[in-house]
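The next part holds the structures, each set out as structure tokens.
Presented sequentially are two complexes of chain A, the first with chain B as partner and the second with chain C.
And then the complex of A and B:
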């Protein structure tokens, strides 16, 4: 099992740092899956996470100038590591003006990701700051826990409103209630609702647009044949929604939400070379 | 509780309707009196008064004249209800606390009368938020019975200087003592804290002094905590607080003009 990679381009480095910062806001601990072409940050839907799950996918070629990976075995050419993304985020904070960043999987006393940041210096020899991030290697028998989630058979798919607006509103609503209802229909309308003994607040968004999903195998999805005005709704923990919105430092190219009525809210946020999926289960 | 989102087309249904182009004018003023979560709203044809009290010894009033609103109708002689001010403020600022340049939140407020919730309709950038806030029985409020003829001493100061003084008060002191006198020190704020006593004097010919009318030397002490928070939260744009001392010892801190905040201790 070997892994070493290098980023030299400053723009790629900053972009990578931003992605890691977003992941760090969503999960305290997560799984990093390394393959020949991609990196994945995965959080499975355990009770400990409150049932939320996350799947973030990056093409390594868009970020790394050098990338060498040898998996656990020839026919399973992948590495699964458990780590705390906040550690990686902090290490990359020192790399804002770096000449290069090298990442290597090491096992001196215990498995670590060694992040070596080469900083510019006035003398001829460079300054190198090294961070050793502890990781846990996940054995192959547990890899099934981290399979890619299937896009659920949703009732409504809708583009999200401007995230900044949504973030302000959800933040205020969080002061008033622990739960929020998201409802949307196929006419591009979405409502965010909270209701308590003291107050009820509803925010109405219009003209958001519904993304076109090609139906596979020509079979009927729940969304087809659905009354355009009929709302699909899901009641979720408002803190989980706020975590997702707060973590978005850059506006995504596309942001949408799939709702399975009363079951799950599935968020997809796409940037140029990163895709992030976040699943928030409905509460009773 | 079922909710309907019917828009308030017919004014006859509501005993109070008000519209404001920029909700932040209202929210910033209410924030100045938000030292307790419960407030009493009192509306007449003249405008809207929001009163907050603490332990029957401190009362803060924010009054917004009807002219400030783009629309202001009160059907009955007066309308009164009690409401959770923290919730009210969260609703008024639902689109964010600070406004982006060029955007403002439009507000429409409607109240159907006793037993009904206060309805707020807020709009910014095409997005509409509807709030229903439950109202409660209004409680008896302290009536300080201010009467102009009993005023013994009256001082009008520019608020910026006083605001700065308040933010520097020694909070280890239990009381704030205010002295007004026709002789030196004219106007003095005193604290008695762990490190010693501190006095802030404003001479009567100070630049900050807009008006100075003192007939008698008077000293008043009050608990420091609430007075400071009320002043520090006040909107900076409203000028001219004035201190008035009456024969019975109470201090009236008032910012006059169209909108004013009055703290009575």
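And then the complex of A and C:
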């Protein structure tokens, strides 16, 4: 098992650290899956996570100048590691003007992801900062726990409004209630609602548009033949939604939400080469 | 006591208060002819900081009768200087006035547009806060621009309590996270940083030496040093001995004395004790040096206040009265490395000898920096 990667380009480095910062805001610990072409940050839906799960996928070629990996076996050419993304985020935070950042899997005393940052200095030699981030290697028999989630059989899929706007609304609503209801229909309308004993607040969005899912594969059946005006709704923990809106730093070019009535809200943020999926379960 | 501070110096004072607030909960103000000294010590007596602003620093400086001292809550004093940008932008002049009769320390900030902010702080008369240390006895010395050290420290997480500073054989200086005892290895992130010796202004360190100290207080002093772009000197000796961080300027001097951990890390490197001795011949024997440099803060009782009128005696206060004292060289000759006296004992010892028989409550400021070797 080997892994070694290097980022030289500053723009790539900053982009990478923004992705990591986003992950760090969403998950305390997560799984990093390394394959020859891609990196995945995975949070599987355990009760401990409040049923929330996450799947973030990036193409290594868009970030790294060098990327060598050798998985556990030739026919399972992958590596699964458990780590605290906060550590990685911290290590990259002070690497903003680095000449190069190398990331390497080591096992000196215990398995570590070694992040070596080469910084410019006033002297002839550069300053080298290394961070040993402890990781746990996940054995192959557990890999099945980290399979890519299938896009749920949703009732409504809708593009989200500008996330900043949504963020400021949700932040205000959070002061009033612990739960938020998201409802949307196939005519591009979405409502964010809170309902308490003393107050009901609803924010209406219209003309958001509905992504054309059906053309990709025919199996998204629930949305087909659905009344365009009827709302599908899901009631979720407002803190989880706020976490996503506050934490995201990927500035997605596309953001959408799939709603399975009374079961789950599935968010997808897309930014060029990065895709982030976030699942928030419905509350009764 | 009455003093007036103008312009940019108000900000310097503010930075100093911020640095001191990292050290202790009380601020000790000690005006003397040498200048106004601001001090703080941690409750566990593991850290001590002092800032001495010389009379030239002030636009006007009247120390008042000798022996005037007071202690105020750090929180309330810090409150006055809380926002450093505001100090910079709007405060033109600051007046510090001690009114013993009224029992108030008055801080008056004269701001732009004729606004005057007056803070009346309750104070306590207090004992003298004094740490005993000597930079001369430290085997290793490092001097670097504050910016270099600040840029080095920034890589360590804010939550990290301690850091280990070490000198590699090649003269490179390293900083490494210190993991608390009992913390599971392989659980916490370890950060390590190496700096080339040519980034420092002076590197006179014992190869292989290293010490572990608290980052919090160090960060405080660093931000002061960075703001005033002063170089910072680190004096240190063996693990367990205090590390002394100093800043010098024509208008002020600052000292931060920090306890270091006794055994830095169980690594392959042996403690460079003998090394230090060999390359630095004047190093005194164990127990003597221990006493001299004991980082413990000896507190003199305010009972001395009565003698305040007496002319301030030379600064051998911490030295002469000790019966065990003898000429350092002499003692070194016959040095038998014995068990140093118990720390607790020693601190009591200081107290009891100094309080009644001490030559005066206001030895001049040099005591801050060094012990009284020069007097012998």
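Assorted remarks:
By our rule, the second predicted complex is superposed on the first by the 276 of 284 C-alpha atoms of A that agree within 3 Å, B and C clash if a C-alpha of one lies under 4 Å from a C-alpha of the other, contacts with A are read in each partner's own complex, and residues count from 1 in each chain.
By our rule, contacts are C-beta pairs under 8 Å (C-beta built on N, C-alpha and C of every residue); 3 or more make two chains touch, one makes a residue touch a chain.
Please read these numbers as outputs of a predicted model, since none were measured by experiment.
In the superposed model, A:249 lies in contact with neither chain B nor chain C. With both structures placed on the common chain, the touch criterion links A:87 to chain C but leaves chain B unconnected.
In the superposition on chain A, A:203 makes contact with chain B only, while chain C stays out of contact range.
Of the two partner chains placed around the shared chain by superposition, chain B is the only one that A:165 touches, whereas chain C remains out of contact. Of the two partner chains placed around the shared chain by superposition, chain B is the only one that A:176 touches, whereas chain C remains out of contact.
Residue contacts after overlaying the shared chain place A:123 against chain C, while chain B stays out of touching range.
Every residue of chain A that touches chain B in the complex is listed here, in rising order: 161, 165, 168-169, 172-173, 175-176, 195, 197-206.
Touching chain A in their complex are the following residues of chain B: 1, 3, 5, 84, 86-87, 90-91, 93-96, 125-134.
Residues 148, 151-152, 154-155, 157, 185-196, 198-199 of chain C touch chain A in their complex.
The touching residues of chain A, counted against chain C in their complex, run 84, 87, 90-91, 94, 109-112, 117, 121-125, 127-134.
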